[in-house]
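Some structures are shown below for you to check.
You will see two complexes here that share chain A, one where it goes with chain B and one where it goes with chain C.
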Partner chain A sequence: MTVYRLAARRLLTAIPVVWGVTFLGFTVLNLLPGDAAQALLGADATPSEVAALSKQLHLDQPFFARYGNWLASALSGHLGNSLGSGQPVTTILAQRLPVTFELLLYAFIISLLIAIPVATLAARRPGGVFDSITTFIALVGLSIAPYILALLLILFFAVDLSLFPALGWTPVSGGLGANLRSLTLPALSLGFPIGCFYTRLLRADVLEQLDEDYVVTAHAKGLPGWRVLLRHATPNSMFGLITVVALNVGTLLGGTVIVEQIFGLPGIGEELFQAIQTRDFPVLEGIVVVFAVLVVVIGLLADLLYAVLDPRIRYDNPGQ
Partner chain B sequence: MAAVLLSAAAVAACSGKATGSGGAAAGTTAGGTSTGAGASATVGPQNSATPQPGGSFTMLEETGLTGAWPTGLDPATDGNGSANQSYLDAIYGNLFELGANGQTIDDLATGYTITPDAKTVAIHLRPGVTFSDGTPFNAAAVAFNFKRDIASAVGDKPNWPVSSITTSGNYDVLIHLTQPYAPIINTFHDSNVNWIVSPTALQKMGENAFKLAPVGAGPFTVVSDTVSSELALKKNPHYWAPGEPYLNSLTFKSVASDEAALETMQAGGVQGYEGMQTPQLASAFGQQFNVLDVPSTSPYVIQLNTAIAPFNNLNAREAVYYATDVNLIDQRLFGNLHPVTEGFTAPNGLFYEQDVPGYRTYDLAKAKAAVKAAGGVTVDLMATQSSVTQTVLEALQTMWQAAGMTVNIHVDQLANVIQQFQGNKWQASLQTAGAFDPAAGLGVNFRFGSKSVFSGVHDPKLDTLFAAATSTLDTAKRQQLYDQAAAYISQNAYAPFLFPVNGWNIAAKNVTGPGLTTLLPASAVRPEILWAQVGFTGQ
Partner chain C sequence: MTTPVSEAATAVAAPGLAVSAPPARGRLRQSLSLYLPAGLLLAIIAACFLSPLVATVSPPTGGSVLNAGLPAGTPGFPLGTDANGNDIFSRLLYGGRVSLEVGAATQLIGIALGGLIGMIAGYSRGLLAAVLMRVLDVFIAFPSLVLALAIAEGLGPGELHVIWALSFYSVPAFARLARSATLRLRDQNFMLAAALSGTPRWRIVLFHLAPNLLPQLMTFALLGAGVAIIQEGALSFLSLGVPPPGASWGNMIAAGMQTMSVRPSLVLFPCLALLITVAALNLLGDALRARWSAR
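This part shows the complex of A and B:
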């Protein structure tokens, strides 16, 4: 199977997944108490006013009719308009997705910058001082909730040291430095705990690789220990990490909802929270579609990366 | 109190704005009364210095309440209208403002006149004002807004008994009523008619575009609007008041919690936070910032559904009164910060009555006897989720159980609470009641009127008292009628009251402004901040 065929097949299988997720999202939103019309008009709106708005927004239609209308519209490329602000959902996504994508990318980079060197060095001397200290820090990182970490980071880096802003996002047009400064603490809040997790995982994988015969052979050939570690053992330990990174996209997206709230980032997580609060189903469904596609695409990229890391893996070779 | 009055005088003097107005009945309606307003509030150091022109100000607003504007900022479609008053005030200004001791202050209106039969109210507009798009602010524009706002479905529209709205000349709008309506001027302070949109801009842009980039005649204009996240405004160069606004730009940002707001302010770059709710953080904020205690005018009340068991039984209702130790709750949970009330009015609202005759206060022995007389009481007590309600509910549960009641408590999202009110199967609910003027906004009828879905009382005699208090312009008579209504509620044990829960406005030390660093009464959710007069002192 060629890489292209693999990609096409995976994207085709993603269709029912994305559909299922949109249906599930729509169902869950309908199961929540209250409706959009009441949420939009406020507590003191009269039942007749709520009914009138429900009719205007077609919320009075049966569940399947509403979902069917949304689905037909989405298939034609129109994700609808926000029930609250009236903005096209695509406009909202275009406005907010770049913030979240940049945050996610930054968080991933931070997590990998933590995990790869720390795990590699810790595995070099298991039980040593560095390994013990980093194991302790990793366990703390794994135990701490992102929102607690976020407040601690703000306290230390924003309040005490004044190195980073505590709130808000500066677009790239405001300067790359300012842009990165505004995202550093949110990205650390997301990236540090997950980086700790990757560290533990990668350390274990590297240790396993160091017991393999090819490592013993490399040492026997007189290769320096650091070269064996960096050139052979660590790259061969990456498969588990890649799989977990791909699987973690959904977790990280969930984390953005809280982190964007705390840091006041105008991203998609913040929008998702608001859409749930106001029962704004077109916005919610639009976000769900984006999240589902993103998870599928990242999973596909992880598969393709296997082939890059291990030349023995070829998707066009049925034997592999 | 003296500081409050001095501040008010300074504000009026600085802005050149007059209080009240001329005319036969002008300034003599409810708005002119200040019964209790400004009294007994615990107020932190107030900064009433005159600001210097210039500067950029960033204000934090709590996500989910004042920091949410999911339906945009058009007063006719903004479902969070009262909670969004800071943005709306900054963009549209006000026709009338609520002054420091409860008096009505002119803004875009220069006064009002009420005819002797009290059935026509003329609103006099400030001549020569333009909207920020350059179109004239005149009677036709205001009448257009009144009609549109009254016809809107949002909760903060006024409940005027209106027959028609007409204009007289370029600067007078006439509100024709079917019957006298005493709180009509006070309704401006907490309803959407106080914010006037540019009809030309609205028609040109269309409703959907307008609510994201609204145009008014207020001190600021919209630069950018990321819904419920960040609203950036800049000074309106065409603003009518000379020298105002002081600030060059004003940005609102939503923040997740009081703790996050404290850290954000400590980190710098942010100058204010509106409506902090955590008493434990007041001193932490106070170490670095001006902290203004802003008393609420809506006391918490334990609503009892008198239509169904157990509270269709007087003994069961009396048991709740006797079993509730309000002073202990105030002391243990809030450090005695809040003034305990016995009715639907609060110290900083109109018609406040501190002691209601015959009000049943805490008495455990009587509570136990009442439970026994009722044949046992099992109650489901609900509340809308907030930082206050969970702990209060737990305290109530403990107290009521000590009296022999079986009590289930649950804190729900607003949507769920509304659904339970609509289903009318609820038994008891911890909510807030009242307003600055009991008849205006989410007034007393909302919680005690027979026709309200959100009421647990269905008593024609109480409806009659409320109606009479609304239709008389005689302030003393209104006071008497509201006192009678409070006594009647107490006599029938319809709903025990707790206290209004204050909030705090936080500002940097070098900031000054009415409502932000000097006290104004809460008109709706909280006091308005007069953004045109907010600025930096340069210290």
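This part shows the complex of A and C:
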């Protein structure tokens, strides 16, 4: 089976999942009590005003008609307008997503910078001093909730030492250094716990690889131990990490909501929280779709990366 | 400097050594890594559920404003009071009940329902199984906050509704785990023997398959409980979980954040309580997993 056929197959299974998420999202939001039109106009609005706005926003139509309308316009790339600001949802998403993407990327880089060197060094002498200490730190570290780490970091670095800003976000136009500085504490809050998690996984995978025949061969050829570790065992240990990174995207996205809230970053998580407060259903539905597409697409990319890196997978049944 | 050959010997031999008969010191370390977190966890559970029955602890709510903002060590208030005059220590204990109950309930629902779905999906491998797993994929891809919001708003915020919302995530996780474990076990001899001797399929699943999956699922539940406790904290922090004045570590953190630069202890205590509890769960789960995989 070629990579392309695998891609097509995975895409076919991904489409129903994304569709299911949109339908579930619509159903769930529809179950919410309270009238969006009433909420927009305030408690003083007369029933006829509410009815007029409901009609204007198509809120008076039956559920399946509204879902059908939404799905049809979503397929043509239009996700509706925000009930609050009237802006198109796609415009709002386009403004918010870059901040969240930068934060996620920064956090991801931090987690890899922690995981790869620490796991490799720990696997060099399993049960040694470095291994024991880092294993314990990693286990405690992955127990830290991002929001707790965020608050502790604010307390120590922003309040006590004033090294980093506690609040706010500087766009890239305000200088890359200032931009990265404003994102460092949020990225660290997200990246450190997940980096600890990756460290444990990677260490176990490296140890497993060190048991393989090709490692014995490399040693027998007389290669230095560190070279065997860095060039042979560690690169071959990345497969487990790829899967877990893909599985973690949803959790990481959930984490951004609260971290953006704490640090006042204008990302998609903050928008989600605001939309929850104001019952802005089109925005909520748009964010649900974006999150789902991200989770599904990254899972798909992980599967493909797997198949590209390891030819054996292409010939096996990918359904497993 | 070690020679490359001795390097190779240690690198190759070490993982093997860990599996075959560990030396006495290693065994001691292994039991300590199991019993220390287990003891810590039991102590936390006892403190949260039993200590208000045994010792006199101030009520977690309904404090007088006259007592607001007392420092730690004040007689009657071992950790001081918050801005509403409530005893922080007592709120930590009652908040801990919420965390532990949410952690336990979501994982029990996950094991029962998710385990069953996963076993059916793995054992039958039919159309039903494929549909079931796709439905679970939808739940995994669905952002938890939106679901929690819908449940909190639709049914009112509260602990029970947090449990329901978070179970939408524990059930698919256990289902995936149970399915992959079932796929590994379904062609083993004991399963084939049961099928050949005419055991009904439901009996095979419940009495032959399930007991073999349970240790793995229960170990996973310890790790999952930690995740659920963190998420409960997040929901309460965002005022989608336990509403004030009820005590929850998440809403204590949220309330303390407003005065964090003046009184960091209001944030630090619930943060530490959450961290220690989740760390104990993770350490115990990890030690148990190591024990199972060594066999």
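Note that the second predicted complex is superposed on the first by the 272 of 320 C-alpha atoms of A that agree within 3 Å, B and C clash if a C-alpha of one lies under 4 Å from a C-alpha of the other, contacts with A are read in each partner's own complex, and residues count from 1 in each chain.
Operating definition for what follows: contacts are C-beta pairs under 8 Å (C-beta built on N, C-alpha and C of every residue); 3 or more make two chains touch, one makes a residue touch a chain.
Worth saying up front: this structure is predicted, and the values here are computed from it rather than measured.
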May I ask you to name which of chain B and chain C touches more residues of chain A? C
Just checking: does A:280 make contact with chain B only, chain C only, both, or neither of them? Give me first, second, both or neither. first
After the superposition on A, what does A:170 contact: first (chain B), second (chain C), both or neither? neither
A:52 in the overlay: touching chain B, chain C, both, or neither? Say first, second, both or neither. first
So in the superposed three-chain picture, is A:243 touching just chain B, just chain C, both, or none of them (first/second/both/neither)? neither
Which partner chains sit in contact with A:73 here, chain B, chain C, both or neither? Use first/second/both/neither. neither
Is A:155 touching anything from chain B or chain C once the two structures are fitted on A? First, second, both or neither. both
Tell me which partner A:261 touches in the superposition: chain B (first), chain C (second), both or neither. both
For A:90, using the defined touch cut-off, is the partner it touches chain B, chain C, both, or neither? Pick first, second, both or neither. neither
Please identify the positions on chain A that touch both chain B and chain C, taking each partner from its own complex. 32-34, 151, 154-155, 159, 261-262
Contacting residues of chain C [partner chain A, same complex]: 2, 4-5, 7-8, 10-12, 14-16, 18, 26, 134-135, 137-147, 149-150, 153-154, 183, 226, 230-231, 233-234, 237-238, 240, 253, 257, 260-261, 264, 267-268, 271, 274-275, 278-279, 281-283, 286
In their complex, what parts of chain A are in touch with chain C? 13, 16-18, 20-21, 24-25, 28-29, 31-34, 124-127, 139-140, 142-145, 147-148, 151-152, 154-155, 159, 207-208, 210-211, 215-216, 219-220, 222-225, 228, 250, 253-254, 257-258, 261-262, 272-273, 276, 284, 287-288, 291-292, 295-296, 320
Within their complex, state which residues of chain B touch chain A. 60, 63-64, 68, 70-72, 79-81, 153-156, 207-208, 211-212, 226-230, 253-257, 259-260, 263-264, 266-270, 412-419, 422, 442, 446, 453-454
Chain A contacts chain B in the complex at 32-35, 38-47, 49-50, 52-53, 81-82, 84-87, 95, 151, 154-155, 158-159, 162, 165-168, 261-262, 264, 266, 270, 274, 277-280
